[in-house]
Amino acid sequence: MTPTPVRIAATDAPGQPERTPELDALYCDFESELLVPLWTEIGDLMPTQPHSKALPHTWRWRNLLPLAQRAGDLVPVGRGGERRAIALANPGLGGQPYVTPTLWAAIQYLGPREDAPVHRHTQHAFRFVVEGEGVWTVVDGDPVAMRRGDFLLTPGWHFHGHHNQSDAPMAWLDGLDIPFAHYTESTFFEFGPDEVEDRGTPHLSRSERLWAHPGLSPVSATGTPTPSSPIAAYRWEHTDRALNDQLALEEEGHPGVLEPGHAAVRFTNPTTGGDVMPTIRAEFHRMRRGVTTAARREVGSSVYQVFEGSGTVRVGESEWMVTHGDLFVVPSWQPFTLATDDGVDLFRFSDTPLFDRLHQSRIHVEGIRK
Amino acid sequence: MTPTPVRIAATDAPGQPERTPELDALYCDFESELLVPLWTEIGDLMPTQPHSKALPHTWRWRNLLPLAQRAGDLVPVGRGGERRAIALANPGLGGQPYVTPTLWAAIQYLGPREDAPVHRHTQHAFRFVVEGEGVWTVVDGDPVAMRRGDFLLTPGWHFHGHHNQSDAPMAWLDGLDIPFAHYTESTFFEFGPDEVEDRGTPHLSRSERLWAHPGLSPVSATGTPTPSSPIAAYRWEHTDRALNDQLALEEEGHPGVLEPGHAAVRFTNPTTGGDVMPTIRAEFHRMRRGVTTAARREVGSSVYQVFEGSGTVRVGESEWMVTHGDLFVVPSWQPFTLATDDGVDLFRFSDTPLFDRLHQSRIHVEGIRK
Amino acid sequence: MTPTPVRIAATDAPGQPERTPELDALYCDFESELLVPLWTEIGDLMPTQPHSKALPHTWRWRNLLPLAQRAGDLVPVGRGGERRAIALANPGLGGQPYVTPTLWAAIQYLGPREDAPVHRHTQHAFRFVVEGEGVWTVVDGDPVAMRRGDFLLTPGWHFHGHHNQSDAPMAWLDGLDIPFAHYTESTFFEFGPDEVEDRGTPHLSRSERLWAHPGLSPVSATGTPTPSSPIAAYRWEHTDRALNDQLALEEEGHPGVLEPGHAAVRFTNPTTGGDVMPTIRAEFHRMRRGVTTAARREVGSSVYQVFEGSGTVRVGESEWMVTHGDLFVVPSWQPFTLATDDGVDLFRFSDTPLFDRLHQSRIHVEGIRK
Amino acid sequence: MTPTPVRIAATDAPGQPERTPELDALYCDFESELLVPLWTEIGDLMPTQPHSKALPHTWRWRNLLPLAQRAGDLVPVGRGGERRAIALANPGLGGQPYVTPTLWAAIQYLGPREDAPVHRHTQHAFRFVVEGEGVWTVVDGDPVAMRRGDFLLTPGWHFHGHHNQSDAPMAWLDGLDIPFAHYTESTFFEFGPDEVEDRGTPHLSRSERLWAHPGLSPVSATGTPTPSSPIAAYRWEHTDRALNDQLALEEEGHPGVLEPGHAAVRFTNPTTGGDVMPTIRAEFHRMRRGVTTAARREVGSSVYQVFEGSGTVRVGESEWMVTHGDLFVVPSWQPFTLATDDGVDLFRFSDTPLFDRLHQSRIHVEGIRK
């Protein structure tokens, strides 16, 4: 007979049955039969509102980057290790490489002229470039330049590798749904060739030339919505212009901003109008000088990276000043506010599509529940 | 007793019942009871494949424009008449102002400094500008500049008026689903104020500043797909670039074009990835020098306008040379081919969304039925 | 040069341009160029609300049935004529065999031991049995018994034939989207074998044994929604019970009825929860003794057949007493009311799915627009 | 400074960087900065195919029921504990009350004349009754009788309580998405009144009288699909008949069964045709005498309960005889086979809707991957 991992302890807490020898015997039999009563667990399992295990936390770019550089000196990139990626480990999650219960965030580092080998996996991935350039990520044979401010996609099960074509190293943010995929036990992985197929260095990827025209789709490929966006790169120039336009519209007295002084765009899949990938939402936010956002709670967890400017972030009881490159976490249902004196640009990603697709989304903005 | 419009004649055609006095008496009673037997009608009503009443036909821009100018001299624009629009009447449709059974196409003409009054209707409308500029169409208060090559939307039930801000007249193509809406008896119409609300002349409409960024949606407005596109203007510069990109990809050996030498983009609704309006599909096609397209049949009817270049069009048994501004009709299930020596740019609109939404689409391309 | 069907007459009506020799010359040139101005047509083409060409009308079962019997004596059923179906011709539609602009309704009659040959067409069809039994319709090889009160489906492009296994004739209501399919020029038709494949006479069809269990789907066939319902027969016993249950719930003080004393069920596609076929909605209504329904207008047209009981129907300005088997038409946007002393059961079908799918539905119930 | 939970150990495994003092120092700094490298974790995090933590296991009804009865004697049901439910704890999941990583399965027990208080929660719940009767579950005020073979729904955020109206105790299976909701931190909970609102004991619930008619929907409630099924109870008589019909169709040579000798129905939401609830799929399977099913692997985890009959189950390397009431687990991507001599009826539930909605479903049946 296998040893049981179940441990049930009778307590005198209110609502618990009276502790008697019979109860102890019952609990003992529960343990050996691999059973756990609801009545000892309900408080933790079924709280009145979400209590995230994840903690609010911030990681400083000024600390991350030198550590990545040291890894660049000590850790080769190649078959087996696959990537020189260093994950943010939320302090509430027991040392696992998870920035939130569902999301992975890592700094990835590629030295001058270095390659990362080709593989594919069912996990969905993106890159966001807070600074630098010179690397091309090759997605299903299509070379995609990575430049400052760009948001780049590698949806699940597409082969991809990277190659640095410059004499400078480059570091960027990787976001994936690794924790969710691991938890749901739905992960497949496959090695590709050791080298990328196409070492070209075009300014724009083929995916962009087909798909990144506003409101235009290639007739050859329309009709079948794809689960993830076919656009491999969302360029900074477009994001920047869209945000400026929203703020200008606000100045002219027209709608568009999310709240006063706060412009926001969502990266979307042009074949559906929905999120770029089934499990990850990505957005870019810009707050004007002097803005303080309304406190907002949402079911699901978010990660932000400051792109430009600075501000004071408040998440639950925590508060930090954040500046260029800093990353921070907003756990599920924790109230979040940002105040900025000089204006701030923020990249955000979250697991919201899960809740939208499963009809479990809730948002509460300063007294207004949606 | 009301007179009956029913007339049934017994015939000796194969498959018809023998003509007897009893049969004549029965048919007479059918007439007075407002009844019609299937067996006398089935050949026309239920053919083995679509036989369009519409005929292939072409209208010449060099003829249309002077007629519109003469109308400009003689016909005021104002409350009641509402628009100086002159509709193409398919020769197969009995003189009705219908370019195909479901679609309306008209040349609209606005003189220097002239206004067209504000109204709204449930019919969906677009404009395509084959030449000229200087007019703004104001859609729900948002002024939208009209320039050469632009495709502009006025989805159903949005207020809209036009004003010409220049000292030159302007003429353009109007496309609507008037015949379909009239047939289905689903039309509502409402007058607005006599003058447009906003006489501003911005380079870009507010709708574009919010929505015409590739793969980016305003967070303030996302989450609820809209039946029609929120983009009021699809600008020529984007269309032109998308078509060039497809042809360049083809030269480099990559997919993208619809067939060899034939690039095509569809105008889409960024909130769904689908057609711009529920009843109308709109596309732009570019064929290289020397291309002849494969013969294609589709359920549903299309109208093309030549934007640049020229070619020889074959629709069923008809064939014409077409050049700048010329419009032509491809009726349902008629085979269509275009051959061009010097290359050609074509705007196309069609009623295909009806068939997609009702699961009745069929396409047949040179022996391959899809 | 072909003669033009266009005729434009200048008038002195308000809003029309002043009649001058130049205007007459322009209109003459419009005619020869196949052009029609909007300003002479707008009143009819774009009314402020739908004005249906169809007229309210009622057909009496006591008149229809003898005519169908006489046709049974005189008109054979066979290859070519295909069906002994006699269509209701709306008096407003110029003698065409159309009960409304989009819908076909016919009485079909099959003599004792008679067969109707196998064919298929893209038009969607149903049968409703107001009385009688003994015929099986064989849909893609599956024999489907037709009995009093049953609603039976033959979605587009399924082969089907009928055979009467009894010594009595049988007549029933056929409903199709023939007018809509004809108008949109999207019709395909194919002959099948002269005789039905399976002359079996099972009580239930195979389609019902797979699909007609409440809330249960066969795992072997789930996952891909089908455009039309896979249930070939909706049996009267289920319809009757569902209507009784609604009225019983109302008596017990619970929601369920459409309005006081008025129960209504919609026949639905179990793979989507939506309408049974893409172009046709079908419902069954039961009003208690003494009920008068609220006046209701809807975009789109409906046909009703009285199954049991009687009532006074008011459609627009028309009013009739209707009883067992009588059919009547409610044209688009005409107000409709029914009053019954002794209670009434009504089968209804309509073209509403067109408007739902194209976002053009409107309903107005006594001052409340939805 | 907070203590870090991160622990990283350099190893000599293949693909790992050479262990040096610099590497140890880097790992130490990773720990203090809350960082974890991918290259030490990738094997576990991103395996080539799912390796479930959950173990195949079976729980015996003959053991569960007496333990539930003992709990009935010792543990009151009331505010705070809420339910006398005893959860199956998968031996691979560390003693948590989770039958699989995403699913909860418990035996719930209610003594004679006993009540369980009213509450609601965002977790989705169902009941399956392997034996017994006499309890009504009251869902949003609608009393729902629980009888042998019935499948009963309590979708998220509906108030519900139970009351036993008989002099016998009753035990049944509860299934919920508690582990998934807990993991995703999306749970809300609210107490209701201490007693159920309606102590009526109707044979059928109001929800069934409105919705449990095959292919029929109440017109008063149609048009807006609901995330979960409005049917509160799927009765055994319907399930049994649907399964028998599939097997009879097979005998007659027609399609319907899932594989030879194996009938299966899915419980569905009549407003969408999809799964009954967003996170849980439920099915009933019946295998004939002498059947052995093909080995099947699926992404996602399943739980089965034997309703009648017996068989030999093989999951991965485990094999058991199972009989009436026994429950067993099939973890993600483990091959599953069942062989039965005398025939067997099985209830099944799984987390498959997660993967369908997120485009991560995979099924592999004996060499055929779908």
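Going by the order they are written in, the chains are A, B, C and D; count residues from 1 in each one.
Methods note: a residue touches a chain if its C-beta (ideal position, glycine included) is under 8 Å from a C-beta of that chain, and two chains touch if they have at least 3 such contacts.
None of the values given here were measured: they were computed from a predicted structure.
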Checklist line | Farthest-lying chain, centroid of Cα atoms versus that of chain B | finding: D
Checklist line | Cα-centroid distance, chain B relative to chain D, in whole angstrom | finding: 52
Notebook entry, point to check: Just curious, how far off is chain D from chain C if you go by their C-alpha centres, in Å?
Noted result: 43
Checklist line | Gap in Å, rounded to a whole number, between the CA centres of chain C and chain B | finding: 29
Next item on the list: Provide the full list of chain pairs in touch.
Entry: A-B, A-D, B-C, C-D
Note to self: Quick check: in the complex, which residue numbers of chain A touch chain B?
What the structure shows: 206, 208-222, 225, 229, 231, 234, 238-239, 241-242, 245-246, 248-249, 254-258, 264-273, 276, 283
Next item on the list: Over in the complex, which chain A residues touch chain D? Could you list them?
Entry: 2, 4-7, 14-17, 20, 22-23, 26, 29-30, 33-39, 41-42, 45-54, 57, 59, 63-64, 67, 70-71, 73-76, 78-91, 93-97, 101-102, 106, 121-123, 156, 178, 181-190, 227, 278-279, 299-301, 331-333, 351, 354-355, 357-360, 362
